[in-house]
Structures are given as structure tokens and as C-alpha cells.
Amino acid sequence: MSATSPTAGSESTGNSDLEFVVRTIAQTAVDNEREFGELDAVVGDGDFGYSLARGFEIVLADWDTFDRSSPSAFLKKVALVISKRVGGTSGPLWGTAFLRAAGAISDRAELDGTDAVAMLRAAAEGIKVRGRSDLGDKTLLDALIPMTDALEEEIRAVRTGGGAVADPVRLARVAASAARTAADATTPMLARRGRPSYTGERSIGSPDAGAVAIAVIAERIADEWARRT
Amino acid sequence: MSATSPTAGSESTGNSDLEFVVRTIAQTAVDNEREFGELDAVVGDGDFGYSLARGFEIVLADWDTFDRSSPSAFLKKVALVISKRVGGTSGPLWGTAFLRAAGAISDRAELDGTDAVAMLRAAAEGIKVRGRSDLGDKTLLDALIPMTDALEEEIRAVRTGGGAVADPVRLARVAASAARTAADATTPMLARRGRPSYTGERSIGSPDAGAVAIAVIAERIADEWARRT
Amino acid sequence: MKKFVNDPKNYVPEMLQGLALANPDSLRYVPEYNLIMRADAPRADKVSLVQGSGSGHEPAHVMSVGRGMLDAACPGDVFAAPPTDYVYETVKLVASPKGVLLLVNNYTGDRMAFEMAEELAEADGITVRTLAIDDDVSVQDSTYTVGRRGVAGNFFVMKAVGAAAERGADLGEVYRIGAKVNSVTRTMGMALTACTPPAKGSPLFELPDDEIEMGVGIHGEPGRRREKLRPADEMVRELVTAVVDDLPYTSGDGVALMVNGLGGTPIGELYLVYGLAHRQLAERGIEIRRSYVGEYCTSLDMAGASITLVRLDDEISDLLAAPAEIPLRVF
Amino acid sequence: MKKFVNDPKNYVPEMLQGLALANPDSLRYVPEYNLIMRADAPRADKVSLVQGSGSGHEPAHVMSVGRGMLDAACPGDVFAAPPTDYVYETVKLVASPKGVLLLVNNYTGDRMAFEMAEELAEADGITVRTLAIDDDVSVQDSTYTVGRRGVAGNFFVMKAVGAAAERGADLGEVYRIGAKVNSVTRTMGMALTACTPPAKGSPLFELPDDEIEMGVGIHGEPGRRREKLRPADEMVRELVTAVVDDLPYTSGDGVALMVNGLGGTPIGELYLVYGLAHRQLAERGIEIRRSYVGEYCTSLDMAGASITLVRLDDEISDLLAAPAEIPLRVF
């Protein structure tokens, strides 16, 4: 991972949590081009890192021009860049994910943990529909959904425990560790969607590239958030 | 080198010295296909071993059918097979060499050391004309001609020393050792003929494949002759 | 990595620039959408044909644009489907009143991009249909999978629909022909070596000197199984058997036989393979009426080959024999 | 060695069998002399054209036999000139009353075989002329050397004399045209990797991952120099400069530009190289009127490319544009 902080060199970023998270996602994708590509090369075609990096590079380059009238409007612009500029399977899937996340918070001006869960659920549902895929197919959904479940569970636990607002640093850490566990758990799975599915039984024994990417991104967000506060 | 004796498996070979020598040349070429190819691969195109082996294979296969009415007729038949069936530069050069050797002994029924020298001289002259080449161009001539010189010198020395007939085993050994020395001496030469000449200065530093082949063949003849008697 | 490349990120655009420079009269390169189109497209009197998919399969598909074949090809980056937006812009550029047929190899990324583009274009009032090509017998087709892949057999679909469109057939008819050719076309491929995408800079997988990958697609991914390298005759028999048994092709069938090189295998070997396949098919009573030997759909520099059969009838034979004029001319 | 091959000794005959099976109507394979000829040769109304040389350069020359190009090709084994006898028999098989033109790349082995065959055929009363092709600028031509080599530029000679012969030109005229095309054609090549002859089973030389061979011929032999691998633009500039400066080609010249792949380089890279070369020539004011991108004369599976220029005049342009029909058809 690069030593560059995800917000470095950008005065107009603002400091909303949403912008921080999106920017961290983008920077992580750019920094991990090679690693993500190697993961996709095992039983895929090795372009996953390249596809994501080329798209999120443009997200970073266009950063200052995005509509910031609402969190939803901001996310929509990001979704548009991804849909337009990312090819492969990842373009439509990640574009859809960002677009659906935007839809889940269309009426919100400020976001909290519950909104985060809603956005992630909407993103996952969008990916399922677009990719004709589901939990258990050995895709990024197998990290994204367990991560969302863990996040929701933690928020509920904090509430039940009487806390009004969950600590975001702790939430991010819980999400990251759930994503990592889930990504690791894709290793023994048989791929039923995506290019690795063509190799049949041979897809067993290595983790899904997309799932690992979710874990790496979630971990980076948790790390950066801890540093930020 | 193969353990097979050059005359093994061939009842009709007869035992004339000429047949013995030709058969040894053929068998050596077949046995050294790989080695001769590797030598040609350094700054050439690696087919020298293959070309010789394919041609001399047929010489061995057709062995019993050759005209044996005279040494010259026999050599002519061998020359014809080589010209017909060996490609590359080696086909015309070795075919010409055998044909010219046949011409040098057209009137002889029995051959001696002096005939051997005459055949080798004629072969070298034929190669020079056909290949527009000469001593010093870094070709097989640079082993063939010094070997012939040494053989001639040894015969003269024996005569001068009062011996009527030189010991063929000793003659073969003298020729082989001259060929080896001369072949080694091609290493520092710049190729001016043949494919290695295209690489210019880079032809310096490795011996010429054809020259080494002459040395290997001459050594094999010397070894086999010693074993034969 | 040993390639003719400047910045690997510019590999595809620089290739397309070269293609356009070599064909100044017939082709147009539109860098904004990474697209190659006929200089005279769209034409009101014919259905426009577009094929996309990742790059790295050349001559498919950018070098198949021209009279009698495609009107446009919009390739993505190496092995990556083009972004939806580029497909959409391509459709708009070649939109004809007779409609647009999109040809897409059956991969998730490609299908999503093309189907989304189709929706967008239809909303603009353009008549579009999309045909998915899926000739690869090495992939099992079941509800639990994403279905067969489209591989070298796409050439025959492009050629047949290209000829039909050139003759003025309407969109429904062109679609019918494409679907029919796809339904009688089967392919199986194998790799001797892995390929090296320019942006990755190293081979996609490691293959020992005595092993091959059987049942590969065209994206450099490993195949169904790893096997020992064997004499050509035996490996070709495995390919031929897989293809023949799938449709199946039977004694008395008249077929087109394609031996397609994957990029790194020289044409001499492809003809050797052709000869073996031809004889094996003849033994089964299958009659070869048209022969195709060369590179049609590659995986960058991968050494390997695929075998494709098309069961011919008079209509298909006639369309395959129609003239075409694409960058792949020899003289 | 990873190749489609059975017994390596049968590599060439099995390739030629495949070629003949793929072209049953137009070609004939004569196994006794390892030769491919037009089914309709010789024709009394045209000069017959024969090219030989070693195998391993496919599509040159066996896949250039057909209407508008060669009447026969007699290839030797891989990288070895054919035996004299095979050339002689080939000449006899295609002997036409209008004469026979032998095209030979300028290598010692080839020239000896063809000149000996010419002598033998003339003794039989056949009118024969031999034209040596020597377009390779990487070899210095002096009385101390064997002269330039013939490499990919031979395509243009074959194409031009093929067209002239088809139009009924007599032997002297056909020879004049071939000699003229050869005199305005120059080539320079480079290798990214060594090639592996089937019978040898291992690469002809070792080339580290960051080095190339500049100034190679077509027999897998090393080039003039070993250099560092550099961006395509710089390597192409070295090739273009060597070719342009040699004739020299000057501002205002109209040329044909060929980017020829050596066997292992995919066509996408060749088009990238084409684009770079095209722009570099345009900078010098040289006008590209005809473009050729693909494999024309290879070294088995060697990765690499050569660049050829032909200075055009009306006569040459016209002959190059004439129709031809050879096995290398695409559709």
C-alpha cells in the first residue's frame, strides 16, 4: 500500500465522512492495481486490478468537479464515472453498486451507521440483479454481504447496550475484520459466476479477487479512520 | 557417440578401406546430429547436424545397393545420394566433395595413402569452387586443408625415413590430431562465408561447426581403425 | 515482458491508431470511445453490425470491420469488456434506420455492457437487437453456470450476418441467420503457453515445459484441465472429439473446419494441425467443404490453437463464400 | 519444446499435407520432392515462377502458391535450402514454353542448389533464369562477404512478378520487373526472442528478458548486435532509420510499408509498430501509399518484426494491386 494519505493533495475534499470513504476506496483501488490483478490471474484473466485502477484514477482526477449538493448527488456522479470508464465485469457491477447506494440515501443530508448499512444492502442487491449472482457464488458478494451483516449487528448491539451513537472507528474495524474473514472463506468455494467459473473445480483453492478487494478496501478505511481521529 | 560399431549389422560391407572410411563418416554424422546442430546454433541456424544426419542416414540405408565395380564408382554413388538428399549449404558442398574425390581416383582399383591425399585435395578444391570460399574464411576448409597437409607430410616423412608403406593407423591418428588442432584454431577467426558471417564480429569466439565436424569424423576414423586392426 | 509496447496503458489506442493509419480510406478511429468503424457507416440501406469484447483477440474484432463484415467494433482494454458508455456511443454512431445488431461473446461483463447499451439506445429510438455467441464446448452449460463462452466461432457468425446485411436483409432476418450459424458452430481450444497482458507484464499463469492447458477460452485464463504435452495427433484428436461429440456432427455432414491460432503458434504448425484434424474428420465420414487456417481470435501471444466446426447448409455456405473487404488483406 | 508436432522429422511434410488438404482444388503436393505446386501448372501461356528456400518461413513460400503469385514452391527442411535434385525436379514439373523464373533468397546454400538446378534444367532444354533477392540492410554487402540476405521483401518480388507473368509478360520482362522491385526494396528486422526448430527442440540462442537482437535474418540466427529492450517507439526508429538511410528513401518518395511479424508476435503489436513507423516516415516526408501488416516471412515461433519499404512507381504499384489467390485467404 502507498504511504500517501487518501486525502493528501486535495484542498477541496471537504471532510464529510462519505467523501472520506469514497476517496479511500478510490485510492486503495489505485494503489492495489498489481495485487488485485495477481489475484484475478490465478483462475481469471488478470485484469481486475487494471480495470478498477483506470476507473478510480479518473474518480480522483475529477474529484473537485463532482456535484456536492447532497450525499446522494455526489455518489451518483461517482457511479457515472465508474460506469462510463471501467470496463470488464467490474464496470457495470461497481457502477451499479454506487448508483444503488446513492438511491438508498436520496433523501438524506447527513449520514450515520444505519445509512451505511442501507447503502451497502442496496449495492449488494444491485450487484445481484446485474450479475445474476447471489451469496455463495464465490464473488465479491461473499465479502460484501457478511461485512454488511456484521456492521448491522454491531450497530444493533451498541443500541441494545444503551449507546446512542456507535463509534465509527470501531464500526469500521468490525466491518473490516468481517470482510477479511469472509474473503478468506471464499478459498474453498467453487466459483459459479465470473470468469473463474469456467475453470470448474480448479477455482477451488484460491480466494475470489473481488472478495479480497472488498476486504483490503475495508481494512484501509478502518486504518485511515483510526489515523484521522 | 554411439556404441555401435560402424560396420555392425551389415554383412555385405566388404572390407575395403574405402568402404570402412565412408561408413565411419556416415555413422559419425548420424551419431552426432545433436552435437553438430548445437555447434551450428551458436552463430548459425542450428540445422547442420540435422542436414548431415538425414543424408548419411540414407547412405547407410542404401549401403548394400551401391555400385562396387570400382572405388570411384562407389564414391560417385555416395556423392549422388548426398547431393540429392542433403539440403542447406552442406548438400551441395559435401556432394561436390565426394564427387571430386571420386574423380581423383577414377583410374584406381586399389587405394593407398597417396590416393587419400589426392581425394582430400580434390574435395577441398571442389568445395572452394562451389562455395566461393578459401582457407581463412572460417569454414570446414580450415580443418580439411590442414588435415590433408599433415597427412601428406607424414607420408613423405615415412618415405624419406625409408618406410615403403605408412602404417594406416598412424596416418589416421596424425590426420585426426591435425584436424582437431585446426578446428580449435577457427575459434578466434572472423567468419567470411556461411551463415555465421552475417553476425560479423560476433562470429569470433566459437569454432566453426563444419571444421569441428571434420575433426570429430577424423578422430572417429582413427579410433575405429585402431580397434579394427 | 518482451513486447512492442510504449506505455502499456496505451497499448490498445496505439494499436488502433496503427490500424486506422494502415486503412485510411476504409476505416475511422474514434479515440474518445476506443472504436473502429467503417468510414461509410451508417448506411441507410443496411442493418449495422457491431461487435465488441475485450482487446487482445486481434484480428477479432477490430480487424473484421469492413465491407461484408462489421460496421464497427468497440473493444475494451485487454481482456476487459468495453464500458457501457462506449458501446452506447458506438451504437449511436452507426445507427441505421434498418436497425443495429450487436454481436457479443457470451461473457458476463460483455453481456452486461451490451445489454445496458441496448436499453440506452432503444430509449433514444434506435432499433437494436443483441445476439450472444457461445460456441465453446469446453464450458458446461447449465443453470448453475453462466453458460458457454463465445470464442473463435464468432468469425462465422460475423461473416454470415455481414453478408446478409450487405445484401439488404432486415434486422429480424440478420438476427435469425446469426442465431442459426451460432447454433451449428462448436469450438474447443488448448494452450501450450500462457499469455502476457501488456499491463500485467508477466505471464498469466505458469505452465511447465511438458504440460498444456486443455479447454481454454480466449482470455488467457487456465483451461478445464492441465495435461501432459503429447504428439500433435493425440492432442488434435482430443479437440476434434470434444467438438464433434458436442453438437454432434455426424457422418455425412458437410462442414467448415477452422484451425485458429491463439497468437504465438506459427502458421506452419496450424497447417500441420489442420491436416491431422482433416483426416480425423474424414475417418468419421464428415465432409470438409470449407477450410480456414490462421489466426481469427487470439489470446495475445499465447501459443495454442482451437478447432471450430460449422455444419453447413446451402444458405450458410453461400453467405460464407460472399466477398468481404477487411484490414486482413494479404496483398 | 512446446509445439504441435508428431515426429519432428515429419514436421515439414505434415505441414505440406495440411496445406494441400486445405486447398484441394488449387494446390498439389508432391511428397517425393517436398513440393507444392498449382494444380493447373504449367500453363503454356505464362512464365512459370518457382521460389524455394528452407521451411520455417511460412507463409513464405509454400502459402504463396496460386493464381497471381507462384506456380510452385520447393521448400527444404526447416532453415535448410532444398536439395538440388528437388529444385531440378520442380523446374521440370512446371516447365513452360515461356520459360521458368527461379526466385531465390540470397544465401549460399539456396544459391548453390538453384544454380545447379538451373544448369541441369537448361541441359534438358528448359529456359530458366534465376533472380536472387537481397533486401536485408543489416548485412554489409562487400566482396569479402556473401552479400545481403533475402528476407521479407521477397513478398513484393513474388507479387510483382506473379502479376506480370499472369498478364503474359515474357521471361526477360518478368526478370526485369523482379530485379527492379528487388532494387528498390529494403528490410531490417529484430528479434525479441529466439525460435525453436522442431528437430532441435530447444531455442537457437538464449536471450535475457531485457535484451533483443537487432538486425536478424529469418533463420533464427542471432543478429548484428544485442541491445537492451526499449520502448517500441525507439526500437522502431532504429529499424526505420536503417531502412530509410540505406537506399536511401527521401522526402517525396511514395512507398509501400510492410510490418512483418516473425512468427511469435501477435498482430495487435504489429499494428502498433505499423502506426509508429507510419508516423516516423511521415515526419520524413515519405508518403505511404500501400500498407502491409501481418506475417509474410517468419522464423518459426520467433517473437520480433521486420520493416520493409518499397519505393513505388506506377508500374510497381499497378502490379502490387493486381488480384491474387493464394492459400492465405481469410474468408
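Order of writing sets the chain letters: A, B, C and D. Residues in each chain are counted from 1.
Heads up, the rule we're going with is that a residue touches a chain if its C-beta (ideal position, glycine included) is under 8 Å from a C-beta of that chain, and two chains touch if they have at least 3 such contacts.
What you are looking at is a predicted structure, and each value in this text was computed from that prediction instead of being measured.
Undergrad: Along the shortest chain of touching chains, how many steps lie between chain A and chain B?
TA: The distance in steps between these two chains is 3.
Undergrad: Tell me, which chains sit next to both chain B and chain D?
TA: Both chain B and chain D are touched by no common chain, going by the contact rule given at the top.
Undergrad: Could you work out which chain's C-alpha centre is the most distant one from the centre of chain C?
TA: The chain lying farthest from chain C is B.
Undergrad: Which chain pair has the highest count of C-beta pairs that touch?
TA: Among the chain pairs, C-D has the highest number of C-beta contacts.
Undergrad: So how far apart, in whole Å, are chain A and chain D when each is placed at the average of its C-alpha atoms?
TA: Chain centroid spacing, chain A to chain D, equals 55 Å.
Undergrad: Using Cα averages as centroids, what's the distance between chain A and chain C in whole Å?
TA: 33
Undergrad: Report the inter-chain centroid distance for chain C and chain D in whole angstrom, where each centroid is the mean of the CA atoms.
TA: Measuring from centre to centre gives 29 Å for this pair.
Undergrad: For chain D, which residues are shared contacts with two or more other chains?
TA: Expected reply: no residues.
Undergrad: Indicate the residues of chain A shared as contacts by at least two other chains.
TA: Within chain A, no residue contacts more than one other chain.
Undergrad: Chains as vertices, touching pairs as edges: which of line, ring, star, complete or other describes this one?
TA: The chain contacts form an open line.
Undergrad: If two chains touch, include that pair; go through all of them.
TA: So the chains that touch one another pair up as A-C, B-D, C-D.
Undergrad: Provide the residue numbers of chain B that touch chain D in the complex, in ascending order.
TA: 37, 41-47, 50-51, 54, 83-93, 95, 130-132, 192-200, 202
Undergrad: For chain D, which residues count as touching chain C in their complex?
TA: Those in contact with chain C are residues 1-7, 11, 14-19, 21-23, 55-56, 58-59, 63, 159, 192-193, 209, 212, 229, 231-233, 235-236, 263-276, 278-279, 288, 291-295, 298, 300-301, 303, 305, 320, 324, 326-331.
Undergrad: Enumerate the contact residues on chain C facing chain A in the complex.
TA: Spelled out, the residues of chain C in touch with chain A are 9, 54, 76-86, 107-109, 112-113, 116, 138-140, 144-146, 149, 197, 199-200, 204-205, 217, 219-225.
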